[in-house]
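Labels run A, B, C and D following the written order; every chain starts at residue 1.
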Amino acid sequence: MRVGIIGASGYTGAELLRILYVHPEVEVAYVTAHTYAGKMVADLYPHLHGYAEMQFRAFDADEALAAADLHFVALPHGESMQLVPQLLAGGSKVLDLSADYRLTDAEIYKQWYGLEHTSPQLMDKAVYGLPEINGELIAGADLVAVPGCYPTAAILALAPLARAGTPGTAGAVVDAKSGVSGAGRKLSLAAHFSQADGSVRPYSVGAHRHTPEMEHVLSSLAGKEVPVVFTPHLIPMSRGILTTCYVKTGTEVSGVEIEDIYGDFYAQSPFVVLLGSGSFPETKAVCGSNYCHIGWHLDGERGMLTVASAIDNLVKGASGQAVQCMNIMQGWDEALGLEALGIFP
Amino acid sequence: MRVGIIGASGYTGAELLRILYVHPEVEVAYVTAHTYAGKMVADLYPHLHGYAEMQFRAFDADEALAAADLHFVALPHGESMQLVPQLLAGGSKVLDLSADYRLTDAEIYKQWYGLEHTSPQLMDKAVYGLPEINGELIAGADLVAVPGCYPTAAILALAPLARAGTPGTAGAVVDAKSGVSGAGRKLSLAAHFSQADGSVRPYSVGAHRHTPEMEHVLSSLAGKEVPVVFTPHLIPMSRGILTTCYVKTGTEVSGVEIEDIYGDFYAQSPFVVLLGSGSFPETKAVCGSNYCHIGWHLDGERGMLTVASAIDNLVKGASGQAVQCMNIMQGWDEALGLEALGIFP
Amino acid sequence: MRVGIIGASGYTGAELLRILYVHPEVEVAYVTAHTYAGKMVADLYPHLHGYAEMQFRAFDADEALAAADLHFVALPHGESMQLVPQLLAGGSKVLDLSADYRLTDAEIYKQWYGLEHTSPQLMDKAVYGLPEINGELIAGADLVAVPGCYPTAAILALAPLARAGTPGTAGAVVDAKSGVSGAGRKLSLAAHFSQADGSVRPYSVGAHRHTPEMEHVLSSLAGKEVPVVFTPHLIPMSRGILTTCYVKTGTEVSGVEIEDIYGDFYAQSPFVVLLGSGSFPETKAVCGSNYCHIGWHLDGERGMLTVASAIDNLVKGASGQAVQCMNIMQGWDEALGLEALGIFP
Amino acid sequence: MRVGIIGASGYTGAELLRILYVHPEVEVAYVTAHTYAGKMVADLYPHLHGYAEMQFRAFDADEALAAADLHFVALPHGESMQLVPQLLAGGSKVLDLSADYRLTDAEIYKQWYGLEHTSPQLMDKAVYGLPEINGELIAGADLVAVPGCYPTAAILALAPLARAGTPGTAGAVVDAKSGVSGAGRKLSLAAHFSQADGSVRPYSVGAHRHTPEMEHVLSSLAGKEVPVVFTPHLIPMSRGILTTCYVKTGTEVSGVEIEDIYGDFYAQSPFVVLLGSGSFPETKAVCGSNYCHIGWHLDGERGMLTVASAIDNLVKGASGQAVQCMNIMQGWDEALGLEALGIFP
């Protein structure tokens, strides 16, 4: 199958190229980049030397539709929604990695992203692309909204509890630690090496745009409001997200129940690895891979469950997850082309 | 004044040597190291070339007492209590950087450290060396138990709230991120470069020995039990601790009250820098310095206060704090020799 | 084909497991580890969760020969030569990643490694496993000595010049920069995070054991003595080697000739990517991959050619190269299972 | 004495503020920044909280001259020369950290920096501010051109040999490894965390502007042309430069002679620490300090001397060196305010 990547010069676009290079069923037939139109892919990204003849093009809907049957859109929010309707209308399937179709309510979108949504009618049609909770819907979707990196890690850690009804009105604290590639390729002081190296700091406290996404999905699973206090931190590493989640359990659940809740929930999920009680994940064990590692500890005395999850923000948190969704949409093995283990050390 | 450093070959010992090198009132007259007795200080630590003639010695109580009037003890827990009584009996003042005299209850000590305390009678006599809460007691002390690095960061973040009565029975979540030097100079797989680099992970979840120290001090300040759920994380950087603390406030307090609580509490503390509401600390801004930066955010909607503090674990979290206590014990300016700003970038 | 990995608990052993996990023709049937015999692979290395049922075993020659037809030996030098003769005698093909069969002269081996070689008769029989210069010999070999990481990078940078006769009696300066994983999983102060992080330093200056390997291979290619002044440096990163090589050219060669020399030499080498004149490699572009990037600059005024090469020390510098050799020995496509591009960023 | 810092918002400006904070004879009375005029210093640089009341101002020559008697100019090359003549004419002493007055020939300046020099008459008057070779001239200077970071490290490594006549027409290879802060605070892809982290690469090969500065100074010392082949590399760390220098010695010198050459040359230099033969520096041992560590190895067999030096690029490579020069100009102890040892680990 021929696929296109719209916005291929950013890190998630480049990661799609890397992943698809070894995918047995897919050929990348069309890649675009606004600023770098005309430039060779391998000149911008030497690690993509395998695409020696490939050039970034300026986006053109007709060209895109002629070149490929499915498109990954790896543009910033606000830009995606300018193109996605055209691609869908032209008969292409679309996996959008931006935030434009992750929420279902245009008002909430406007409140957090500061933009009027230009295709609100598609917000309901889009399927939230987290295969571990939405596999069947993804299989039949034309438009998949690939989740944000933080929500992927946090929801995978908390979804079993939410569905089981554990995080009640007290909600959850999500303390997340992210590598700097989450900030993308765009230059900023926060992502300047000399500022970020050797330092850790919280940012966007109480204001990060991934908060409504987490609350929306977890509340849907729980069937009631699940408030999330979310604090992201920048960690001096390139890749990886660790979320440490704190859920007030009171005396409601036992260790065995927790084990069952997670075991049952992920019984069919090839990319979730349960480390179990007392074992905790490290981001490096999933570096470059599509896996998510989860471990937990129940502090019975203080009535608190601590759950931690680790993913690679650019793979399971973005491009790998998009490919996983594509596999499901195409009826292929969910893990096709994504089996590679993490790069360690 | 001549001082001694017992256990000077570890990182906190070396850091004492670094700090005292520019202290105007102190001369380091005696340094010991078990394994490295006979070795030149500058051979083990090239950055300490300023001590070109200094040699590590094997500890001898008589020599120690003859050489110096005040001793820093930078030994592992369990080893400190073998020496401290002798030094005190010989008339020396002692600043102990181990955990041996931080708790007041020998039973709790045994429970967390697995050792019978050999000088329980000194546990009550020792003053907990956190100048921001115990300044007057430190001034009159002979034996100061210098706090652990995590408790220093967490208590400085939470003490104003504890004294004001805010973290009630709900207690606090302390999610701490530490540089690897906190693990000391002792080799371990966790501190092996290839394992720690490019990775973040929680460790000792629900079992870290600094938990009772935090709970003890915060409960004392609050006048009631303050349970602390503490999760330390290893961050790929050498120095620095960031604690992100979550306190359920309900609708009890306003933003102005929080501001006043912190402002009043630290009005006389030269080493605490309040960044205020909406500003958050980064560890690198205090690297190599004795300062603690604190910022917070009150999420009124979700009834949660997020407070973050940053220190250098080897300075304010260990050796700098010890020197600060020494200054107070000697009646000198609290900040003497400790004024240097953080190394950034 | 069933293969065995002898000494699978070190970093090169773990890397073989990672690489072979996606190799279409190979099943890992036998893994041994001395210290960790009986331990589950995934407990030691969480990133290898795909080998959920696999256990490290204690080495037993009969078991090894019964289980697999080809063995990778990832033991320290001196230990390899204790096993390799048995494996060969039993009919297994062997790829040895240690230094034991890289040199051809038992005296030079003894001089640099301080050990009497116990199977000197195999030193001549072994083929030096650098496919870019020895492809045909590897195809027919039973015993392949996989090159060291530094020699791989340095020889790939210099081999075209050596064969063309350029580095004459003046020889070459090889200034190499390596990630810390090159030191292996064994704990040491040099590889302790707090010592290595944020620092760069030379080590083993004038005494590194990879020196004779470089001189031997380059001299063979040149047909005359090529002295190499080799200085390795430790870089605060996990993976990657960059060698910067300085070759006195005088006025002997032009830029076009250099271009031709490299282009001709590597015309058939799928893993060598020539960046050309004025473009220089970065280690991260080959991270996790089997590729080698090479670039150069000819300073005509000062008569000096600067050539730089980048590899991943654990892949092209060890385990990936071993798999590449295996592919050749088996008559498979040289690149089978090794096509994945570098992980960037 | 009241001093000014022109261009204080960059890293070398901030570093001057950090260093001067503990300097006993100096008060910073005036700081300027173009982009940040009006902004509080501590808001831009939280580590400079000690300057709580200080604001960046827009440069005004009259204000500058009224406020301070000596000015550090920490502007980019090309901008310095716009101001320096005014400051000098107004009676201020000037320490310029840019490249504008480091060379003596306006033609060579134009060739490497692409600019017409606007005050060539000052190029001869300016003293090159490397105290270890120019102490007496600095003492009498009004205008000091503080050396570049790479030339400082390379010249300190090679100056004794140059004066002794060792690096002859063959010259020297200088392979330098620099932390990323050397690129300054200005955003660039090369200094973007995700690009630089976990990677090492050469840059500006054969074209770095510090080359003529090294050749100029070393040739002056040698009394003959000393060609330098200089290759800088970017290392994933914030601070520090290591230069590894290769000098063809033939059979001219013995180990003892080398030892004497260095010992004699630096007998009066408080900031140069000779580690001697066989001991090599690490950048972290001088982090945050004004010291330079030097070690070497003589390979008699291959006729090559390898010398390595380590400095902190922002201290001895820039701001600390400027303060050292100021001390000399004022007749103070050369080391005043600069005694602090390196931050390790």
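Everything that follows uses one rule, which is that contacts are C-beta pairs under 8 Å (C-beta built on N, C-alpha and C of every residue); 3 or more make two chains touch, one makes a residue touch a chain.
Note that this is a predicted model, so its numbers are computed, not measured.
Interface comparison, A-D versus A-C: the higher number of contacting C-beta pairs is recorded for A-C.
In this assembly, the chain whose C-alpha centre lies farthest from subunit C is B. Chain geometry summary: the mean Cα position of subunit A and that of subunit B are 39 Å apart.
Averaging Cα coordinates per chain places subunit A and subunit C 36 Å apart. Centre-to-centre, using mean CA coordinates, subunit A is 45 Å away from subunit D. Touching of two or more other chains is recorded for residues 11, 179, 181, 185, 194, 197-198, 236-239, 281-282, 284-285, 287, 345 of subunit B.
Those residues of subunit C whose C-beta lies close enough to touch subunit B in the complex are 11, 179-181, 183, 185, 187-189, 191-194, 196-198, 236-238. Those residues of subunit A that touch subunit C in the complex are listed here as 11, 14, 18, 21-22, 45-50, 181, 185, 197-198, 238-239, 273, 275, 281-282, 284-289, 291, 293, 339-345. Subunit D meets subunit C in the complex at residues 171, 173, 175, 177, 179, 194-195, 197-203, 205-206, 227, 229, 231, 233, 235-240, 242, 244, 246, 278, 280-285, 287, 297, 299, 301-302, 304, 306, 308, 310, 345.
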